[in-house]
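Sharing a structure below in structure tokens format, with a few things to ask.
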Amino acid sequence: MTMPLSAPAVAPVVAARTRVRIGYLLVLAAILAAAVVPFLAPPYVVQNYTRVLIVALPTVGLNLLTGYGGVISLGQSVFFGLGAYVTAILVADHGWAWWQTLPLAVALPLAAGVLIGIPSLRIRGVYFAIVTLVLAAWFPNVIQRFNETTGGNQGKSLTVMQAPGWLGLAQDQYGYLVSLCFLLLVLLLLRNLARGRTGRALTAMRDNEVAAATQGVDVARTKIYVSGLSAAAAGLGGCLYAATQGIVSSETAYFTVVGAIEFLAAMVIGGAGTVLGPIVGALVTERLPVLLSDVDPQLAVAAYGVLLIVVVRVMPAGLVGFATTLARRLTARVTQHHTTVNARNEGKP
Amino acid sequence: MTAHPLLEVRELSAGYGSTTVLRDVELRIDAGEVVVLLGPNGAGKTTLLRALTGSVRAHGDLRFAGASLARTTTDGRARLGIAHVPQGRGTFTDLTVEENLLVGGYTRRDREARADLDRWYDFFPRLGERRHQLAGSMSGGEQQMLAVARALMLRPRLLLLDEPSLGLAPVVTQALFRQLGRLSTETALTMLVVEQAAHLALGIASRAYTLTHGTISAPLSPQDLADQEELRRVYLGAAHAAGQAQTTTKGRTAWTSSSNGSSTA
Amino acid sequence: MDLFLQRLVDGLANGAIYAALALAIVLVFQTSGIVNFAQGEMGMLATYLVWALTDVGVPVLLAILAAMVVSFAGGAALERLLIRRIDPEDHLVTVLVMTGLFTLFGALALIFFGSDGRQVPSPFPEGSLALGSVRVPYATIGALLVLGAVCAGLAVLLRSTKLGLGLRAVAQNRASSALSGLPVGRLLGIGWGLAAALGALAGVLVTSLGLYLEPSMMLPVLVYAMAAATLGGLDSGVGAVVAGLLLGVAESLAVGYVKVLGTESALGVAAVVMLLTMALRPSGLFGTTKVARV
């Protein structure tokens, strides 16, 4: 005869299952809500939200690198810019279609990411961050240096992605939906990655690299792999940026230190090491300047600065982490109550 | 016994993170006494000293010369006159011997500090010979003397010593304790000594406590110390846990000559 | 030959600035164990203060002095309110807080002053000294003299005064310093204050050499100062100064002679120097702290 599980033992399991169910529902609701936006909002708002989706990509990459891999990088702007320029140059000067540039726009940053992954193996945390900061500061100068090809600070314009006629969508709506699809694709890929061998390796490495190595994790290879992936995600973002905004230049903030900091801020504010974090973070960093644009656009930048410091000290897990902890406490209490009530009822003959 | 003990500790608990190392520790030290703290490794002796200097978080009632130490920072407690010679000595390796001593005398008036320099150079001649040498280049024994001298530059009312014999050759340790004994007799400096080499420390002590697994024993008086059977029972009882049954036979001669402050062993 | 000497002289001018900021970074690192990459932005804000004061008629030397004093106070306050609670071993938090400050200061400058360049009166006389066919601007001589004075002053402070001994002690071993009764908090604040004042000086030197004051003016200086601090050794003041001067000269010569580089590649030189140093000699030329895993 089996002993029935006592109420306290059952509660956490039920709570977890409830949480997962709620989680799935929330994700579904979020995707639906996101898909509906371009049909409800005016074009300039849709474009702003498109940028949210695009900025989420390098942030997701950074999240992989820093949140899961433990390497701090201020260099995502470089990979973002590389992807953007590959697309811009091929479309504007060589007549490619934007989607044809995708493989190269992702491959070049990926290679660069792998390359930068090698020194990250040896150089410790904050010092590596400084090196990436220096590279991010240098990048706009490199753009300027090759200004015959890149258009330097004058910029290079390219035709934005055109919606195929049969869809009946406006250009801004098309750009938004394409970006949304890519973001979801990347998130799906990363989810599978997190569940696979690489994900387990990363979790093991995050806790203790030496221990992970003794368990057969190839720390070096995983780190370089992740560095490449992170850069590739940023490159994809850059490609989409060029294809939806239609202009790139060495003055574009996203290709400078300012952009690198924005991606970092987005990751931290949203919550490093969480899946939704980068998106929530990108939402904050992209919408904030728009909301504050009447007052002073720079105020938003000042706000990131303050937010970075404050969040790190007050809410180290970011908005998503904070929300998750809150949800956990709520669901635990609710299911505890339910299970106790049920147990009491069942106990009656 | 004087009305006000110099140091009074009651219900002291301390630990690191979620681990509690000390539980309900109680001890008192009167001015002029030399008290020894015995106990096996891991009992929490170092933690106790660190709790006294505020280097580790502690709860309980800590009183120095009657006043509570609760709100005083580490450097504040040093300024009150509690000097700590930590385990590992804490030498400023990139400063010279003289600079190390001057750091020790930082809180004193310059002229007084400089006068004291000469005093301690006399007391520890080896330091005097090496006054402009980088402290990091000196031997373990010399660094220990330097650490003690540095603490003394504070003109402390209470000197805490954490395992001064650690890593030192027996001859050097004996010399060190000889000097400490001298300090006690000549200046009536109050000391709390944590020491594994019990026989040497007990040679200069007037009282002893034993700390086992974070709990402290009742204090052992000079009579208890003179009674070797009693001492062996207490010390063996504590040392048994660390398997140090052998040391007591050697130290017996030292214990008998405990009262005049000099150890000869 | 003359062109070489001219480039050398020009390089030394920039080098003096890099050295000054690198020295500030090293000072902070030695005091708190943190690399402050907002040091340049702090100097930039101080230079804006100089401009604001001279704009209302304050004589330039007085304005510079005032800015240095205000910077000192600001640096000390920053240490007390924010830095003290950071664990230097927690690299992520350090980077985030430093980045936050970097962003905040830059944004404040843009909000209050806008992005237009401004001219700040120079404390040095106009014109230059002619040595043969090489022109040595008075500003360059001035910058080098200032650097020399700062180095001498710091050396005297650190080696010969009680305060200097206290600063060195706290930098080497904070725990032991506390046990000896040193006012650790106050000394940390002074360390940051001195570094901030140095940063202010670096900012003023930039505008004294002819550049316009604008919010992003210190970024290239920061990059070079970081490279210099890395090359010299993060815990070596001497290293910072030597490396700063070296890098200034190297930049000038490289950009002048290796045509393919172009002026824009200057920052790349710094990046390469940094990476090479970290890879080949992690503790720098004169330092002891390793920035790379061995």
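By letter and in written order, the chains are A, B and C; residue numbering begins at 1 in each of them.
The rule is short, and it goes like this: a residue touches a chain if its C-beta (ideal position, glycine included) is under 8 Å from a C-beta of that chain, and two chains touch if they have at least 3 such contacts.
Since the model is a prediction, treat every value here as computed from it, not as a measurement.
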item: Category of the chain touch graph - line, ring, star, complete, other; value: line
item: Chain closest to the middle, measuring from C-alpha centroids that were averaged per chain; value: C
item: Leader among chain pairs (count of C-beta contacts); value: A-C
item: Centroid spacing, where centroids are CA-atom means, of subunit B and subunit C in whole angstrom; value: 45
item: Subunit A and subunit B: spacing of chain centres that average the CA atoms, whole Å; value: 56
item: Approximate Å spacing (C-alpha centroids) for the pair subunit A, subunit C; value: 34
item: In the complex, subunit B residues that touch subunit C; value: 53, 55, 73-75, 78-79, 83-84, 86, 90-95, 99, 102-104, 106-107, 110, 150-151, 153-154
item: Subunit A-facing residues of subunit C, complex; value: 35, 37, 82, 85, 91-97, 99-108, 110-111, 219-220, 222-223, 226-227, 230, 262, 264-268, 270-271, 274-275, 278-279, 291-293
item: List of subunit C residues in touch with subunit B within their complex; value: 162, 165-166, 168-169, 172-173, 175-184
item: Subunit A to subunit C touching residues, read off their complex; value: 66, 72, 74, 119, 121-127, 129-131, 133-135, 137-138, 141-142, 144-145, 257, 261, 264-265, 268, 272, 296, 298-299, 301-302, 304-309, 312-313
